Every structure is written in C-alpha cells, then in structure tokens.
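Right, one structure below, let's go through it.
The letters A, B and C name the chains in turn, as written, and every chain counts its residues from 1.
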Amino acid sequence: MSLLEVRDVTRRFGGLTAVDGVSFDVHEGSIKAIIGPNGAGKSTLFNVLTGFDRPDEGSVSFQGRELTGERPHKVVLRGVARTFQNTQLFEEMTALENVLVGRHARTRTGFIAAALRLPGTGTEEKLAREEAARLLRLLGLESWTDSPAADMPHGLRRLLEIARALATGPTLMLLDEPAAGLNHAETATLAEALYRIRDAGVTLVVVEHDMGLVMEISDEIVVLDQGRKIAEGPPRLIQKDPEVLRAYLGQEDEDE
Amino acid sequence: MGGSELLQFVISGLKNGSIYALVSLGFTIVYASTGVINFAQGEFYMLGGMFSVWAFATFGLPLWLAAIVGILLTAATGILFELLAIRPRKDGDQLSLIIITIGGSLLLSSLARHLFGPDELAIPAFTSGPSVRVFGAAIERQTLWIWGLTITAVVILNWVYNKTKLGRALRACAINRDAARLVGVDTRLIVTVSFALAAALGGLAGLSVAPLTQTAFDAGARVGVKGFAAAILGGLGNPIAAVAGGLMLGLIESMSIAYLSSTYKDAISLLVLLLVLFVRPQGLFSRSRREKV
Amino acid sequence: MRRGVLKFAPLAIGSLVVACMPLLVDDRYLLKVLSFVAINVVIVTGLALLFGYAGQISLGHAAFYGIGAYASGYATTTLGLPWIVGLIAAILLSALGGVLLALPSLRLKGHYLAMATLGFGEIMRIAFVEAQPITGGPDGLGSIPYPSIGSFEMSAPVGTYLLAWGAAGLTLLLATNIVRQRPGRAMRALHGSELGAMACGIDIVGLKVRVFTVSAVLAGVAGSLYAHLVGFVSPSTFSLHFSVILIAMAVLGGSGSLAGPFVATALLTLLPFADAIIPGLSRDALALIQDWEADVYGLIIILVMLFAPGGVAGMLRRRRRGAGVRP
C-alpha cells in the first residue's frame, strides 16, 4: 500500500520553478531515496512534503488523506517527522532534552497542568524521559545524555536530530542529507541506524548525496533534475539509466 | 471646513511629516546596514536640538554655526554609540542588538538630562519675520526652513547613494552583507557610517524643529516611535518609501486633528503603526516576500 | 540524597527569612520597599518566561501592569467590590489584553514585535490619561483600600508585605513547575530554533500566544498588588520607562533561569531605595544614586548584552559547574 502519494507537485519562486510536476509514491516499510544534483529541488520538495512550504500546484496525501497545506506541527501530529540539511538542534539543551522536545507531539501537559502539577503530569514526564532515554540508546548516544547539543561532534548531532524526529512517533520519516559531513565510520553507523529504524516499522524517505549509502540502503530511488523527475526505480536500474547518467552520475564520477 | 483651513492642516501635516521623514530615514539607513531597528534613533533627534541649544545659548555661537555644531556632535554621538555598544557584539545577533539599542536609548536620554538639565529648551527661529500667507493659510518661516532642509538632505543622500563609492557600498550591504564583504566592502565601516548618517539626519530633524516645539531630554522616544511608524508605513529598507511614509503619517495626524480632536493625535499614529504591522508588515510600497526555509 | 538536601537548603532558609522578616524588623519603610521587590519579582518572572525562556521581547509590560492596577482600583473604589473581585478583574483584563495583542503581533519577529508591544504600551498610556471616568485621568485614582477577605484586612506594611511575598513565592513555584516540564522545554526549543521546534510538533504561534498571555497576567497581578499596596495609581507609573527597567531586570537576570532574574530584580529594585537596606547611607549619596538610576539601568542593559550575555543566571551556572554539581 502506498503510504505517501505525491501528485504533480509544482513550486515556483518568482520566475524559477524549483519543483516541476513531480509525482511518486512511497510504500510502507520501504526506504526511498531522492537524489539529484544541487539545485534539483530536493530541499524544496522536502519542505512541501512536511508543511514548511506550500505547493503552487499538485497535492500530497498521507495514509489516503490530504496533507497539502497542513501547518508543520500538524504534519508531525499526522505521523510525518523530518530532519534538516543544516541541523536544527536546540544547542543549549542537553541531548536528552532535545529528544524530550521531540515527545512534545505525543504528550499533553499544558501550562496550567504543569504549573499545578495536576495528576498525570508526573507519570507523563516519567514515561517521556524513559522513551527519550531508549531512543538515545537506539542511536548509541546514551553517553551524551546530559551534554548540551552544542558540545557534540558533528556526526553525532545528525544522529541526535534523527533521535529527536523518532521521538515524535512517526510513521514516515524524511531525512535531509543525513550523511552530509560524516566520515566513513559514521556513515556506516548511520546506515545501521536507518535499518534499525526501518525494521521498527518507520518508512523512510532520504535525500542524500552519498551515492554509496543511497545504493546500499534504498529500495527505490527518485531522481530529480532541475525540478523534474527524470527517473524512478530500484538502485540497479537507476545506475544504468542513461538519462540519470547524463544528468547526475556523470558529474559524480568526475568528483571521484 | 473651508479650503484655507484645510490647507493650514495640510501645511502643518507636511511640516511634521518632514520631521518624521528625516527620523524615518535614520531608521532605514541603520536597518539596511545591520538588519536591526535602532531604538535609540529618537534620541538622536533629541540630541540634535539639545546640542544646538547648548552651542547657541551657552557658547554664544551664531545660530547657523550652532546648528552645524549640533549636527556634527549628534553624528559623533552616533559613531561613538556604534563603536562602543554595537561593534563589540561581533556575532550581530539581532535580538541582542535590539536590546542594546533599547538600553542605549535610556542611557542617552538620561545622560542628556545630566548634561542639559530637566527643563524644556528652545532656540530662536532661523529667520525672524511674519508668516508667509498662501491662499489664506499661514506658513511659518521655520516651516519653510524645515522643508528646505529636508529636501536638501534627501537630495544629498540620494546623490551619495547613487553617485559615490560610499553609496554603492551602502547599497551593497543592504542587499547582502556577506556578499558585500566578499567583494571587499569594509562592512564594519559601513555600519559605523550608517549610524553617523542616521544620527546626523535625526539631529537635523531635532534642531530644525526646536524653534517651534521646545525640546527636552525625554523628547526622543515619542518622535522615535513616529519615525519608526513612518518607516514601517513606507516599508523598511527603502529610503524613498521612508520619506513618503513620513509625509503620509504627518498628513494622517494632521487630518485626525482637523476632523477628530488633537487629543488623539498621538494615538492615531500609534494605531497606524499597529495596523500596518499587523496587516502589512512589509509596508505599503513593497511587494511581499515569502521567507524560504 | 545529601546533595538534594543541600540544593533545597538555601531555598528553605531564604523563604524562612522572607516570612519572618516582619517579626525581625519593625521598619515600615523597609517592609514597603521589600514589598516592591516582591511585586517586581512577580512581573519579572513573567518576563523571564517570555524573554529568557521563549526568546520573545516585550516593551509593553508596563501597560499590563497598569491594566491590572486600574482594573483592581476601579473595581474596589468606584464599584465598591471586594478585593478578590478586583484581583480577578485584573487577571481577566490583562489576559484579554495579552491575547488581543499577542494574536496579531506574535507572527512578527524580533524588532517588529518589540515595536508592536511598544506601540501598544503607549496607546494604553494615552488611554489611562484620557479615560477619565474610569482612571481618574492624569490625577490618577486614589483611596484604593487594602486587600481584605471578609472583615480580615491585610494592611500595610506587614499584611501587604506577606501578601506580596506570598504572591511572589507562588509565582516562582508555578513558574518553576512550568519550566521544568513540557511547556518549559517547548519554550526553550522555540528560543533555540523555530524550525526545529516546528519539526517537533510545536505550534509555535500558539505557544508564543500562551507564554505572552501568562506573562501579561503576571504583570496584571503585580499591578493589582501594587494598587492595593500604594492605595493610589496614576498614568506616569505605567510608562515606557518602566517597561525598559523591567527589560533591564530580565536582561541582567539572564536567559533560561528564574533564579537569575529573581536576584537581578531584587538588586535593581533596591537600588533607588538603597537607604532602606544600608543604614546610615547619607542623604546626598542616596540622591546621587537616584539621580543616576536611569543611566545605570541603561548601562547595565548594554554591558550585560556585550560582555555577560548569560547575566546573573550565567554566573550562577558557572559557579554551580565549578562546584561540580553538573558534569
């Protein structure tokens, strides 16, 4: 079954069409990668999918219901979490607190309940802390529990942002270049973590530049170029697609 | 209301509007170079008047020289304020800079009270003589001075912006500070220069209106808010729009006195400020921009 | 365990000293000054939530303080209603004002928000002067009674002192509960990264409106306390100048803390009343302090932002870290 349906999504900025009539499906339990050269419209598409931006045309539906036009926090409540290309951590808060903020969507204590410590708030807080600690362990971050996010090394910060996104209890998670700036060992850890997350029942959409990682983990790949979808399919086929080679992989080969 | 009465209100509106336009230009210039609203802008207006009174009354300088001294000392204060309070905050964090200018506003006005005393002060009109009569309305000679000086300031500023190297650097900073730095513009110097210009314009406004309305150490905040309202009305960052916003606010105020009551003059401009902020924060003359994530 | 006890010891001793103060000293002036400290603690705690935790600025809090003061004053004098009704009126009206201002203006960022709140504050000040039948105009509103419940009257200085500090203590307790749980974390998240906060499912506009309203209500409560303590309110109290002084207290206090702003509020409130706590301070010295009070506030704002952005809270944190309580 199709978890996420993207239909003819178009987004323009002034005269520039950043995303141009893109359609694809994401199936439950899979890992889908979105690749393309810089400026292909990947991040814009991500923003549209997560409510941070609105499409000029087209629609996005999630679990059979319209998602287009929902505000970001509503999208999170529907079960779609995201990370950012430039990590958006809460720098002065500890790793545990960062993940606890991720629990915001799944907890209820408001100002009055918190101020008066109404019955239930203590239990909720305790459960949230346990869940946050569990997620830190899942991503191997438990030794950083009480360190401010600002003090953590770059690679672990990306993992922390993933842990925070997981804390929102997503069905679908969108990761914007999770391997950017990671070394080989860190990338391997990341791949490991992504499998574990997928196995825990979370569907993944990953925008990524690291071709090795993309070919290894993804079940299906969507290739964007100048806002258009130029190919879609399993990694083996994408690697051989002439249009993709021309638009993208050719460049990548030059880099290496 | 008769035609000549209405004209009288228009004249008065354009007089106050010119003052707001000068203060509003100060906001715009500093905003363009720093991305921050300078809450101390109104204090430059106050200082312009105070320094001129001081130079005129205490040192007995001729009025024209006292006015020049007033502008120069105010500009110097602006430079000093930037060097001592803005520049040391190297990260340029906006909330912090805003708070610094709020503190600066309080500090400048209370220092002025120590320097010049708590009383209201005034200087004589630049040229004495009866009002000029036009179609049954009277224009005070000082009003003509205000218009003349405002137009001169705008023309000079326009020339600086469009014809000089400094102006190009100022415009480059306004568009993109990082890019400007990359192509070799000394952005720190530009920030200092913009504070000097903003202070000079505020000072000019303060001293040219000082003969009509007395000035005191606490006169800055009120005019500062109006100058900001004018800048917002026009749309922050555009000098022409800032002037237009100033004149418009002056006219709106004047008309509210004509048709409502002078009691609500200040409230009206504040309401205009809130209304524009809530409904059209990008101003009347700019197109809306959507922020990109 | 021992560490836990140690942590609460200063708090317990502090509360005890504050509560027993009226038994220890018999100085009406000192008690009144200390009551002002308590009232300012209530309002600055609200500002600490708004500014120090959520990262939003307000230059209009003097207006909410005024709304609370006039609401309470009008209800208990002109309408002759009991004190508690005045207090409730103060809470409701400041909440209403807070929501009405917050809804449109919290979509605005940084300097726009500062100017919108400043504009609101100035409009309210004009309203306080012009709404003569309610506020008494420029002459103000007098003969506001002491707080009383039934026939029990809390008169100055001891009754009002205990009431003000009771309110301050309650405010600090409730605020501590808020910042240590879900809403407090959401506020800090908002301050840290709005995008990150949205991605965590936080309705950032809704959250800002809530924090702003809470802080407006605390200012309203403080205003009500002030009106009944002093017995007289006039528009000049609720000026932009006062809003800026409150900013100075919150800035000096530092962000992400309630203890820091508490200490800063006490210090800056006592400054112009230095003679109350320093016996034998000469009249000239006091006059000098009062003459330079505004300069000091302005200078403090600038210096803290430039050289000690953590404020008092930053210093407390460093000390605690030095003592090894935090890893």
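Everything that follows uses one rule, which is that a contact is a pair of C-beta atoms (placed from the backbone, for glycine too) under 8 Å apart; a residue touches a chain by one contact, two chains touch by 3 or more.
Keep in mind that this is a model prediction, so the values were computed, not measured.
S.K.: By C-alpha centroids, what is the most central chain here?
M.R.: Of all chains shown, the one whose C-alpha centre lies nearest the global C-alpha mean is C.
S.K.: If you average the CA coordinates per chain, which chain's centre is most distant from that of subunit A?
M.R.: It is B.
S.K.: What is the distance in Å between the mean C-alpha positions of subunit A and subunit B?
M.R.: Going by mean C-alpha positions, subunit A sits 48 Å from subunit B.
S.K.: Measure off the straight-line distance from the CA centroid of subunit A to the CA centroid of subunit C, and report it in whole Å.
M.R.: Distance between chain centres, rounded to whole Å: 42 Å.
S.K.: Roughly how far is subunit B from subunit C, centre to centre by C-alpha average, rounded to an integer in Å?
M.R.: 33
S.K.: Where does subunit B touch two or more other chains at once, residue-wise?
M.R.: 293 - these are the residues of subunit B that touch more than one other chain.
S.K.: Which subunit C residues touch at least two other chains?
M.R.: Where subunit C meets two or more other chains at a single residue, that happens at 195.
S.K.: Got the subunit A residues that touch at least 2 other chains?
M.R.: In subunit A, the residues touching two or more other chains are 52.
S.K.: Note which residues of subunit A are touching subunit C in the complex, please.
M.R.: Those residues of subunit A that touch subunit C are 50, 52, 71-73, 76-77, 81-84, 88-93, 97, 100-111, 114-117, 121, 124-125, 128, 146, 164-165, 167-168.
S.K.: Under the touch definition given earlier, write down the residues of subunit B that touch subunit C in their complex.
M.R.: 36-37, 39, 85, 88-89, 94-96, 98-100, 102-111, 113-114, 221, 225, 228-229, 232, 263-264, 266-267, 270-271, 273-274, 277-278, 281, 293
S.K.: Taking the touch rule as given, give the residues of subunit C at its contact with subunit A in the complex, in rising order.
M.R.: Residues 174-175, 177-178, 180-186, 188-189, 191-193, 195-204, 210, 214, 256, 326-327.
S.K.: Where on subunit C is subunit B touching in the complex?
M.R.: It comes out as residues 55, 57, 59, 104-105, 108, 110-112, 114-116, 118-120, 122-123, 126-127, 130, 195, 240-241, 244, 247-248, 251, 291-292, 294-295, 297-302, 305-307, 309.
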